[in-house]
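Please read the structure below before turning to the comments.
Letters A, B, C and D name the chains as they come in the text, with residue numbers starting at 1 for each one.
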Amino acid sequence: MEKYIKDPIHGNIKVDPKLIDNPYFQRLRHVVQNGMAYMVFPSMRHTRFEHSLGTYHVASKMVDRVVKKSLEEKFSDDFKEKIRKLALYHDIGHFPFSHTFEFALEVLKYLNRDKYNEVINLTGFSKDLFKLHEMMGIRLLEEMGEKEIATLMREVYKDKSSDELVNIARLIINSDLDADRLDYLQRDSYYSGAKFGIIDPERIIITMRITPEGYVFPPKAIDDLEHFFLARFHMYSSVYNHSVIEIYNRVMAYFIAFAINESILKLPSDLEEFKTFTDEQIFLALVEAKNKPEFSHFYSSLVERRKYKRALLQGSQAHDLLKIITKNEKEFYQTILRYKGKIVIGDAELRTSTNNIKIERKMGQRTYLKDFKEEDAVTIPPERHRIYIGAYDDDSAKQIMEYFEKEFSINISSEFKP
Amino acid sequence: MEKYIKDPIHGNIKVDPKLIDNPYFQRLRHVVQNGMAYMVFPSMRHTRFEHSLGTYHVASKMVDRVVKKSLEEKFSDDFKEKIRKLALYHDIGHFPFSHTFEFALEVLKYLNRDKYNEVINLTGFSKDLFKLHEMMGIRLLEEMGEKEIATLMREVYKDKSSDELVNIARLIINSDLDADRLDYLQRDSYYSGAKFGIIDPERIIITMRITPEGYVFPPKAIDDLEHFFLARFHMYSSVYNHSVIEIYNRVMAYFIAFAINESILKLPSDLEEFKTFTDEQIFLALVEAKNKPEFSHFYSSLVERRKYKRALLQGSQAHDLLKIITKNEKEFYQTILRYKGKIVIGDAELRTSTNNIKIERKMGQRTYLKDFKEEDAVTIPPERHRIYIGAYDDDSAKQIMEYFEKEFSINISSEFKP
Amino acid sequence: MEKYIKDPIHGNIKVDPKLIDNPYFQRLRHVVQNGMAYMVFPSMRHTRFEHSLGTYHVASKMVDRVVKKSLEEKFSDDFKEKIRKLALYHDIGHFPFSHTFEFALEVLKYLNRDKYNEVINLTGFSKDLFKLHEMMGIRLLEEMGEKEIATLMREVYKDKSSDELVNIARLIINSDLDADRLDYLQRDSYYSGAKFGIIDPERIIITMRITPEGYVFPPKAIDDLEHFFLARFHMYSSVYNHSVIEIYNRVMAYFIAFAINESILKLPSDLEEFKTFTDEQIFLALVEAKNKPEFSHFYSSLVERRKYKRALLQGSQAHDLLKIITKNEKEFYQTILRYKGKIVIGDAELRTSTNNIKIERKMGQRTYLKDFKEEDAVTIPPERHRIYIGAYDDDSAKQIMEYFEKEFSINISSEFKP
Amino acid sequence: MEKYIKDPIHGNIKVDPKLIDNPYFQRLRHVVQNGMAYMVFPSMRHTRFEHSLGTYHVASKMVDRVVKKSLEEKFSDDFKEKIRKLALYHDIGHFPFSHTFEFALEVLKYLNRDKYNEVINLTGFSKDLFKLHEMMGIRLLEEMGEKEIATLMREVYKDKSSDELVNIARLIINSDLDADRLDYLQRDSYYSGAKFGIIDPERIIITMRITPEGYVFPPKAIDDLEHFFLARFHMYSSVYNHSVIEIYNRVMAYFIAFAINESILKLPSDLEEFKTFTDEQIFLALVEAKNKPEFSHFYSSLVERRKYKRALLQGSQAHDLLKIITKNEKEFYQTILRYKGKIVIGDAELRTSTNNIKIERKMGQRTYLKDFKEEDAVTIPPERHRIYIGAYDDDSAKQIMEYFEKEFSINISSEFKP
């Protein structure tokens, strides 16, 4: 018995309550979609729960665009339902504050390897084979008795399998034009009030055909495709990777790492505890540590909104520097971690990729496919790096400036903003 | 130095960061606007923080509509700024989950009078002279050093003062057509996806004039006014007082009361602790009590979304019953509280009032004012009562049915829904 | 081979080009949807063409809501397609400026009975059995070879047939909650910028079931239904029957009647000529008559936007007066027509009816239906009359005031606005 | 006495009725904004009238962003009002079907030089010094007694004057980021239903400063600027220069030229006649010529929507070909015109320019300006050419293919679409 859930983006989402009434899915109501973005865009309080429903809705439409004569039998209603379910559950393994927790894990790796391993162990994987929330998602799906969906998730996100059905699932769930993006671009635009992500997914879905080799579009869809990829680019540039937001995300990540290290934030010891390992736990850890001298800067930044001073490096400077840092990651973190989170540092790579998208052309009687990027009139740079540096106070700012001067011969003083 | 904050409802809200960068105002980021409404409308995760900014924005426009020759001197820029600030801070005293906490207090009154008094004492008032969050707001404004705003808040919400300036502030902050409603109707529509609250506040503001005696509108504004009042009525009927949401609000209220009673939820002992007395604290109390036999039903309802069976009484039946219950409130609660929250009960009164709104008519050369309600072509019933009854399981449902049969000779069995 | 047409209201409308690529349907691009409404809401330039596509789109969704076991066989795909086609073509017979032309015909009846009959004859009916555009529509459908749709149109709009299938078609095409209204309320809101008509048709369609006896809704749809009927009421009150617009509509109607009378506007002599009998023809007649003394006031009003002075009678006064006028319609028009359109008069009746809409209630095990209006908490007055009086100049205004004083003992001088 | 006009884009536009109640401005209600775009996007029926009001509204906000200490005195309220008025009247000289008439004039030049000169003479200019509608606008402003605005229009659109005030007016009325574009991108998106032009003009206006040397923006505005320029690019690519629309625009242009040549369309002999020289006149000419053998193809295409077969050349092929054609324009047109409009040809150049837009950068203590395009991460190709070829029937298609083969050695047969 399906029912409708009201959604401001898609109107009314039809879904069987049995799919959503389980504790792991309900838990997503307590994991915010965009980490600390609400510090700049106050209304971005939406959660992974709504986004998961939206992704399910879009994927339900996309499964009907799969066309290939020879596939017809294999691409059964049963397999369609699997794709829909994976769309619904694709974010089920997210830790509190979504990707911000993954930043925390990078820090924890150098701060406390045992605790780091504890997190990885929770996922049931022996080491971090791919991203935290996907590993966790697979574990939860198994726990929920959804073995087939767990297997499909593994194939879609990790395995290089070239099975035709898996390829199609991957296109719909985890590709450059997947249901995930078709939902979140609009949704994050809607909640932030930023106009960058307003696209026309209906038109994209109407014009697309999905084959195991990729998406195929007619030439008249080129403007829509460009519009979509630029929308994504601008949402990253101005919202997701907004420098003030990214500094807050790093401060939060450093806090989480230090709080785990000091056992102020208790890690879930099993899946039962994971059910309530949510944003609220992080907030409570912040409150608990509020008066501890080594933690008060986190509280005043993340709760009382005292801004860190911040510097932003971009372009080739960021790109070159990132190479050096990556090579000496361990030493670098050891230096930075000495400042106990009064100095934070992070990077972002604005990427745009248009793989697996083809335009169908006609030459006389012959029909052939070209890669979308060859058609593309508007050029988005293939990569764009940013390094974010935050310092709690003048003293910390001075230290990090001296460090950059000495270690990398880069003067970042002029970049620092109050 | 003012800056702009992006808001999906009003576009860009101009505000001085000094007004918002204080811990009591930032705390509102952690108090959800509509209690448990997100259990039915998942995307209603917006908070009192955004709504307060929006109210400030609307009030800023309304102060320019005040017209009265004799007032011009008294209604200074200084007083305008006071009204704007009160608009910004009008919700600053909200406890976790907003009005849901106020329901909890009603229950607590009969469950544990000492703890009840502890909450009232926190507000600095000796007894509950008016609503919880307004009393608390006054206290916080005093603590923040905003004595004048605290005084104005007291005058606006409580005192019967007929001072002209206070009247104007009351019209803008706390009347049937105030900045509060002009913001939240649109905002709650936007986040829920329900279309009922989409009005045209710009047109209302353009056509209104504010005098100490009330709002004055030209006849051509009648449709807009009707539209506004009906929007409010329908948002109440279908969102705020949605029966499933109201049951969740009561379950939450009973949980809060029992959790305070059993010291699972610790009340803030001073204003410093109030700064972090937020929604997260309630969630954590739920988690803590999860495995206690007398609390597990709250957890399974509020976190895992197991629905209570529910009955809804409406119309004259609800109206009459409410009278009886109110007369014997104490006994009634004593009976209900024996079920430890496995039976919850609550009421709502959908009211609509159009006081202080006049239409300016012409008769020949003469101009005179009529009350808006006399002009009103569309009639909304002056009151509409609802009683919500929730029961955790079949056994509780049976008990409450028997109680109603015996005590009030009302058979509610046919109303119960799974 | 179906294609998609972009539409701001419904997104992408799927339709077979064969259905729309015929001269009678393309002609609707040249018939404005709302008569002279653009004189007050400049952006209301949309036409019957877009609205017809939208109605088709909505009707396509509604045919899937028809439920009745015993009907299943009769309500074939073929009959569904007939309903969809009738939805598409329901306005095909509209004369220039839509309903404004129908006002013109009322005037023409008393001005020149021969010409009046000429218009009726064009429809192929011997006398005006029902509304002009429906009669014309039936004629055109026959001409287009769509005999079955023509027959269905006759049954739906005119015949009292109680055939089950016809009843269903009538509910979808011509009832208080038909596809027509579900399209135009939103569309006219969108183009005008007025917020009154923003409803949620998807929710209405999701919750409705269509039976030969009427629509059946669950109780939870009551707010949506109220919202829909109030939206309609307010769109009438503030847009369609806006007094300035209605005066322009009457001035245009009187112009058309006088222009036909004087052969300045040539009536189409056959269906071939009807293909190009569009808004443009009226404009050209206005231009042609521009310098004729008996027509210049029309030009200056309708093209140069010189406003008529206007009086508006409402409520019981309008209601009573209308009765008297209707009784003596002939004499009344003979008087008014002497002023050659320098005095215009018209009436509107804001009606709201909720026939054929039932709410499904449960009482214990039993299910029964109640009329929606009995459930309705919000009361819209069953009728509301308006009489619009326009006068080109002071002299005409004086004449009409004297006439009303003398004939009806009503002093309308205080109502007149410049 | 200002009043508000409802507008779906800007809400409520405040304007003095005296500015709009003149026949030349009211005439714009009868000139469609986007030529034949409604043949593909049926709802694009909006006119130059609404757009002019919108441009006025945006310009009114922009005049407040002008900053330069030394200018303060000169940039008086009086001059602001002049800019606002020019914004309102900037399109007042548009001929029927806006730019489509300008295409017609290009054709008329080679078809009938006398008639061509007649049109130019009407503008009061001795030869076509700049675009038709600007010349006509200046003439009309003089006729309306608005000499100062006429002078400013001449300076803004034509003169190379480097007067500071004129520069500012030019930036606001006729630049790459002017009030004109800030209105029409949104408006045309809204009416078409295409999502490409949804931008955030408020944020652009909030962040801009206007100096006589150009716009100055802070770095944080870069995403908004990119978004704006890409919105414009995509609206051109997918709406304004949509190949089906452009063919219809050319067919209309050829019809207008031939109809003038054959005196089926009578040119206005003076400004009085220009008042009613509107879209309706073109439609009536089409109807009049309907049965003439040399004109029936126009009627069947433009009224009955029989599509021309069409070929589209793009990229370097279009670019190179255009060079050749331009060099031999006269011969080329002489060849094409032999087909009496059964073959039509046209070109479009999608251009994007970001002149006069600077980003303000800081380097240590020093502030300096960089051109926006140097900052621009997303690259739009500086020009993109398209050549549109339309053929009424197979025979015409064959002829034009042979001509292209023979004359330019280009085989366009594979490009032709039914």
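Following the convention adopted for this analysis, a contact is a pair of C-beta atoms (placed from the backbone, for glycine too) under 8 Å apart; a residue touches a chain by one contact, two chains touch by 3 or more.
These are the chains along with the protein names UniProt gives them: A, B, C, D = DNTP triphosphohydrolase, broad substrate specificity.
Note that the structure is predicted; figures quoted are calculated from it, not measured.
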Going by the touch criterion at the top, tell me which pair is linked by more C-beta contacts: C-D or B-C. C-D
Reference subunit B; chain at largest CA-centroid distance: D
For subunit B and subunit D, let me know how many angstrom lie between their CA-based centres, rounded off. 52
Just curious, how far off is subunit D from subunit C if you go by their C-alpha centres, in Å? 36
Find the geometric centre of each of subunit B and subunit C from their Cα atoms only, then give the gap between the two centres in Å, rounded to an integer. 42
Going by the touch rule set out above, which residues of subunit C reach two or more other chains? 11, 194, 200
For subunit B, which residues are in contact with subunit D within the complex? 4, 11-12, 200, 202-203, 206
Contacting residues of subunit B [partner subunit C, same complex]: 194-196, 198-200, 223-224, 226-227, 230, 233-234, 237-238, 362-364, 377-381, 384, 413-414
Contacts from subunit C onto subunit D in the complex sit at residues 5-9, 11, 21, 23, 26, 29-30, 38, 40-43, 45-47, 49-50, 53, 190-194, 276, 278-281, 283-284, 287, 290, 303-306
